[in-house]
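Structures are listed in the sections that come next.
Next, two complexes with subunit A in common: one pairs it with subunit B, the other with subunit C.
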Partner chain A sequence: MKRVVTILLMTVLLLSAHVAAQAPATQLKAEVTWWSFPNFLTVDGIPGKHEQSIIKAFNAKYPNIKVNIEMIDFASGPEKIVTAIQGGTAPDVLFDAPGRIIDYGKNGVLANLNDMFTAEFIKDVNNKNVIDACKVGSNFYMYPISTAPFLMAFNKDMLQKHGLLHMLPTEGDRTWTTSQYTALLKALKAKNERGAIVFCISQGGDQGTRAFMANLFNSSITDAAVTKYTINDSNGVKGLQYVVDAIKDGLLLNGSASDGTGAIDEFCAQRVSHTILFSPGLQAVKQHMTNFEPIMAPYPSENGTPALEYLIDGFCVLNNGDANRIKAAKLLIDFICNDPVWGPKNVVATNTFPVRSSFGNLYKGDGTMTFLAGLTKYYAPYYNTINGFAAMRTAWFPALQAAFSGEKTAKKALDDFVKAANESIKR
Partner chain B sequence: MSSSRRGKRRSTGDALAMVFLCLLSVVFIFPFYWVITGGFKDQRLTIQLPPQWFPVKPTLSNYVRLFDNSAGVWLLNSVFTSLTAMLLVCGVSVPAGYVLAKKRFHGRSMIFAMFVAAMALPKQVILVPLVRLVSSWGFHNTLAAVILPAVGWPFGIFLIKQFSQTIPGEILEAAKIDGCSELRTLMHIVVPMVKPGIGALAIFTFINTWNDYFMQLIMLNSRSRLTLPLGVATMQQEFATNYGVLMAGATLAALPILIVFFVFQQYFTQGITMGSVKG
Partner chain C sequence: MDPGYRGALKPTGGSSAWHKRRPLELRETLVSYAFLLPALAFFGVFVVYPILVGVFTSFFDYTMRKFDFVGLDNYIRLFGDKIFLKSMKNTILLVAGAVPMVVIFSVFISSTIYQKSPLVRSLFRGVFYLPVVTGTVSVTVVWKWIFDPFSGVLNWVLQSAGLTDQPIMWLGDRRYALWAILAVLFTTSIGQPVVLYTAALGNLDKSQIEAAEIDGASDWQVFRYVKWPGMMPTTLYVAVITTINSFQCFSLIQLLTSGGPNYNTSTVMYLLYERAFKLMQFGYANAMGVVLAVVIGIISILQFRVFGSNVEY
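And then the complex of A and B:
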């Protein structure tokens, strides 16, 4: 009798284990923590409110996965993440950008997302730069959801008031040449308006100054394969010299005491005519903070074809050693990025553009967003995932300061920068 | 020189000093004024040039936005952590400082030297082990994670030890002869005599815990457990700062510190002067 009962119990146990193994993902039971920078626009001025509504919808599909959302800020968030990883208190999911995520991937603290990069997904994204930005070697570590270019922005009302709006391209892709830009700068100065602040007190927003200078004479920050920095070529030097001269001539402003946020605030306060760093996301955030209409344009270049830097928003999964939690984290990411309803909704909530081409135009009827969406063809190779990217950034703003103060020539400043930056790749 | 002329010169000097001090106080008070009034201005006005020196049309929208974002809970968390840390630090530092100052035992100098050496350690050095320790106790992401590491504050023990050294040994001996227990001696003799030191320590601890942004940042995650400075920081975007909300938050954050300072002000000034000449 004892043996029969044992056999029966064993059978029941095996059957339930089999059923559990066959259970659909919707039955998965786990608790995951999601840390998010304020990449989604706030709802009712409350950070995290949009994220809560995502979780509510996710739980309707996956009722047994508890998600804790915790908001982090851009100023101190990166330090918090690093300490949490070292201290063993890291979250399961992080919503960030490739620069940091790929660094974590290289340090071996992330779970790979290779199973999420299906042939269908890669075909739908249809952008090698974006796909390459998500991986280290053959492993994918970031699952992208949206992208947007970094651009310049002008005070449209100010240009209109002075009758200068026609000097800024407003049709098509709004591409323009450096000589057209110079003409506008001179015209603005003649009207006693101040040019953009070329900020360089810190790393904040430094992607803007690099892209601005590299574009002026069609230099490039790195080579096409993103293996070394090349902005010290003759065109790059011409670009920095142009800025140094423009500052001397009062066409642009020396931003040795300003960072990106400060320079953009000056633009929003209408104390300068334009900013060399702006984005669709920023426009949405700044809407209620400005009394004028900003108008965006790509960086000017000698041949009129810009090479744009861009933002990619995406998710990673931290490897906390629990396969169940990793699985649940991937389900959450899949829901946020690919759910037929919430995928597009979440992209719109970042005021950027979907990486999935199948999402189509999410901003129908919005001329500005349609123009911005068309700029993907100008995207330059994505170099934020290069080895030593963080170390490179610490060498960039001192190079600009040295050139602006006259301590170094443009060539010497860029040569020194490139030497330090290339060394950071090897370290 | 006649005494009347000397007196006149002194009064002119006093008047000049007064004018200078008034100007200086304006310089120090102005940032507070700007922050407090900025909290009642619309975002556009906070960055306007020429600046609006006084909010012509004051608005409570920044405070409304703050409190829509659980600022009340964050404020309570800040007050709770700072007050609890203040009480615990004083509770631990007073007996520890007294024992190190007045009791003779082997290793006393060594222990004191270790406390002094610990004061030189930057927080960043001990942070990761501290996070692991607190996490292993199950306190991570609780207010206890911010309070407990603050309790054994070496500076507090150092400060009270210096104050305790000023207590005459004869009084302690007299208490002992009268049959006072150690606890009674501590409570009825030592504590009243080092009161200014405790007052100073209370203010230092409160301000230190209140402003310990880094520790709070690392230890607290959930929105409902954030402190006021942390909570306000989550309302900032990457390149967009709502200065109105920020200044309203800064005003709220400054209020409890001001209250504590005014309550303990008398002990604080006494503590500073006593500590500077004794020990």
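And then the complex of A and C:
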């Protein structure tokens, strides 16, 4: 009798467990925390308001998953994440970019997202660079939603006022040469307008300065296979020397005391003619403080063919040791990126381009966005997932500062940078 | 415990009376410790424990994924790290510049204002204390704007006055950056010493000052031989506290220069932060912290020896 009761009880338990496992995801009960950098545009000037509306829509579908949103900023956010991970208070979901996310993945603090990279998704993205940027070895750690190139931008109104707009390519892909750029810099100086600030007080926005200098004489930050840094080749040195000379000649501004945000803000305030870092996302974010029309262009290069760096926005799930929370976090990410209504809506809220080709052209009739969408063919190897990426960044801006101040020659500055950066790969 | 107090509890009227008092003494002791317990627990959890963990982990290659014992490797690496040595040099320069400046300036200000009317005295104390209560971040942001090479007020003033032709890159030029940091550090460190010295001067024995003046001592002699020795406890406190604060200078560096240009304003605290929170080299960063604590400890002991020998409480 006792055995029968035991068997019955076991059966009931197993059945309940099976039923629970088969319960629809919409019934999943969990509480997750989502930390978000300000990648989505603000609504009514309030950071986090768009995120709140996502959560509201998500909760209509998943009423039992409570989502706590916390906005973090680019200045202190990265350190806050590291502290939270070390202190065991990390969020469940993070909206960021591969540079940091892949580093966390390599450090073993993320849950893998392999089950989200379905054959359908990979086929729809149809971009090996983007897919590769999301993984470490065979494990996927970042779920991408959108992408956009980093470019430079000019004050179109200012160029028009001085009759210089014709010196900037405005047709087709707007590619141009370093000689054309130099001519424009000289013309701007003749009109008493300031050139761009080559900012390097910190690592913020450093992708812009690297891409700018690498392009000037067609050097590259890394080799094509992204195994070592190569910016100290003769063309890279020429690029840095060009900038050093341009600063001395008053064509560009020494940004040893300026960061990327400050330099872009100077551009938005019309105190400088152009910025060497801009993107459609930045344009949207800075719209409220820009009383002129910015015009974007790829970086100039010696042969007129740029190699562009690009942003990939995406999500990761931090492994807090709770399978239920991980599951809920993945459902949230899936909703944000793939929901038929909210997926495209969220991409538009970043003012960048969807990684999913099935979303189609979300900016029909917008000439600027159509031009930007056509620049993917110039995308350079994506090196933000290289080992030691964070350490490399701490060596870059001191190298520029040393070259700008004359403490080191351009060659010595780049040689020292490459040495430190290559060591960071091995470490 | 005060020997007089203990003596009062000693048996005076036979051992039975003493035995009656013992439980009372024990209870008072226990109650006293119970009152101290919350502070002690707080101190233990938030000060002693992190210190011990910091020292312990400094012997490990401690990153997000590793925790391997490496003995003294982190310390050996420190003394071969040019950036650390540069940061230590910058830190010592800041301390060497800030401490005497703060002491001399605050003594000067306090000596000037302490005999003024209460209203004037309060006004000046308020003015000098304002940067302390305003908060480092707010003050630093204002200074950043003042130093801005392109739209800052300092360059505007200098250029308008015809003193400079080109804007000076205060925070981006290695010739000026550390001086600019020192100026900000000075303004944020001056508030408390001014208040303390003003109070100390007000508490000096006026009869000694008057006696010296009657004996024909000059103002300088009165200051040197009467007031200055009387202010020595305050000077010891100000010197030690300013030394410790200057050694731990971090937020100014992070907000103004990020250690640049090319680590010319990097301090040990800033480098520690960079290594720990940007590069996740927690063990190495903790080794820096330990070395910094030892240096601060040695300098504080020296200060106690130098200033403390003349201190009478």
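Going forward, the second predicted complex is superposed on the first by the 412 of 427 C-alpha atoms of A that agree within 3 Å, B and C clash if a C-alpha of one lies under 4 Å from a C-alpha of the other, contacts with A are read in each partner's own complex, and residues count from 1 in each chain.
In this section, contacts are C-beta pairs under 8 Å (C-beta built on N, C-alpha and C of every residue); 3 or more make two chains touch, one makes a residue touch a chain.
Not measured: the values here are computed from a predicted model.
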| item | value |
| --- | --- |
| Which superposed partner A:344 touches (first subunit B, second subunit C, both, neither) | neither |
| First (subunit B), second (subunit C), both or neither touched by A:201 | second |
| Contacts of A:86 with subunit B and subunit C, given as first, second, both or neither | both |
| Which superposed partner A:402 touches (first subunit B, second subunit C, both, neither) | second |
| Subunit B versus subunit C as contact partner of A:271, first or second or both or neither | both |
| Contacts of A:257 with subunit B and subunit C, given as first, second, both or neither | second |
| First, second, both or neither for A:304, with subunit B first and subunit C second | neither |
| Which of subunit B and subunit C A:78 touches, first, second, both or neither | second |
| Subunit A residues contacted in one complex by subunit B, in the other by subunit C | 79, 83, 86, 269, 271 |
| Interfacial residue positions of subunit B with respect to subunit A in the complex | 43-44, 47-49, 65, 68-69, 127-128, 131-132, 135, 140-141, 213-214, 217-218, 221-223, 233-242 |
| For the subunit C and subunit A complex, residues of the former touching the latter | 63-65, 147-151, 169-174, 257-263, 273-274, 277-280, 282 |
| Subunit C-touching residues of subunit A, taken from the complex the two chains share | 78-79, 82-83, 85-86, 104, 106-109, 194, 197, 200-203, 253-259, 266, 269, 271-272, 390-391, 393-394, 397-399, 401-402, 404-405, 407-408 |
| Residue numbers on subunit A that touch subunit B, as the complex places them | 33, 35, 37-38, 42, 44-48, 68-76, 79-80, 83-84, 86-89, 91, 204-205, 260-261, 264-265, 268-269, 271, 277, 282, 285-286, 288-291 |
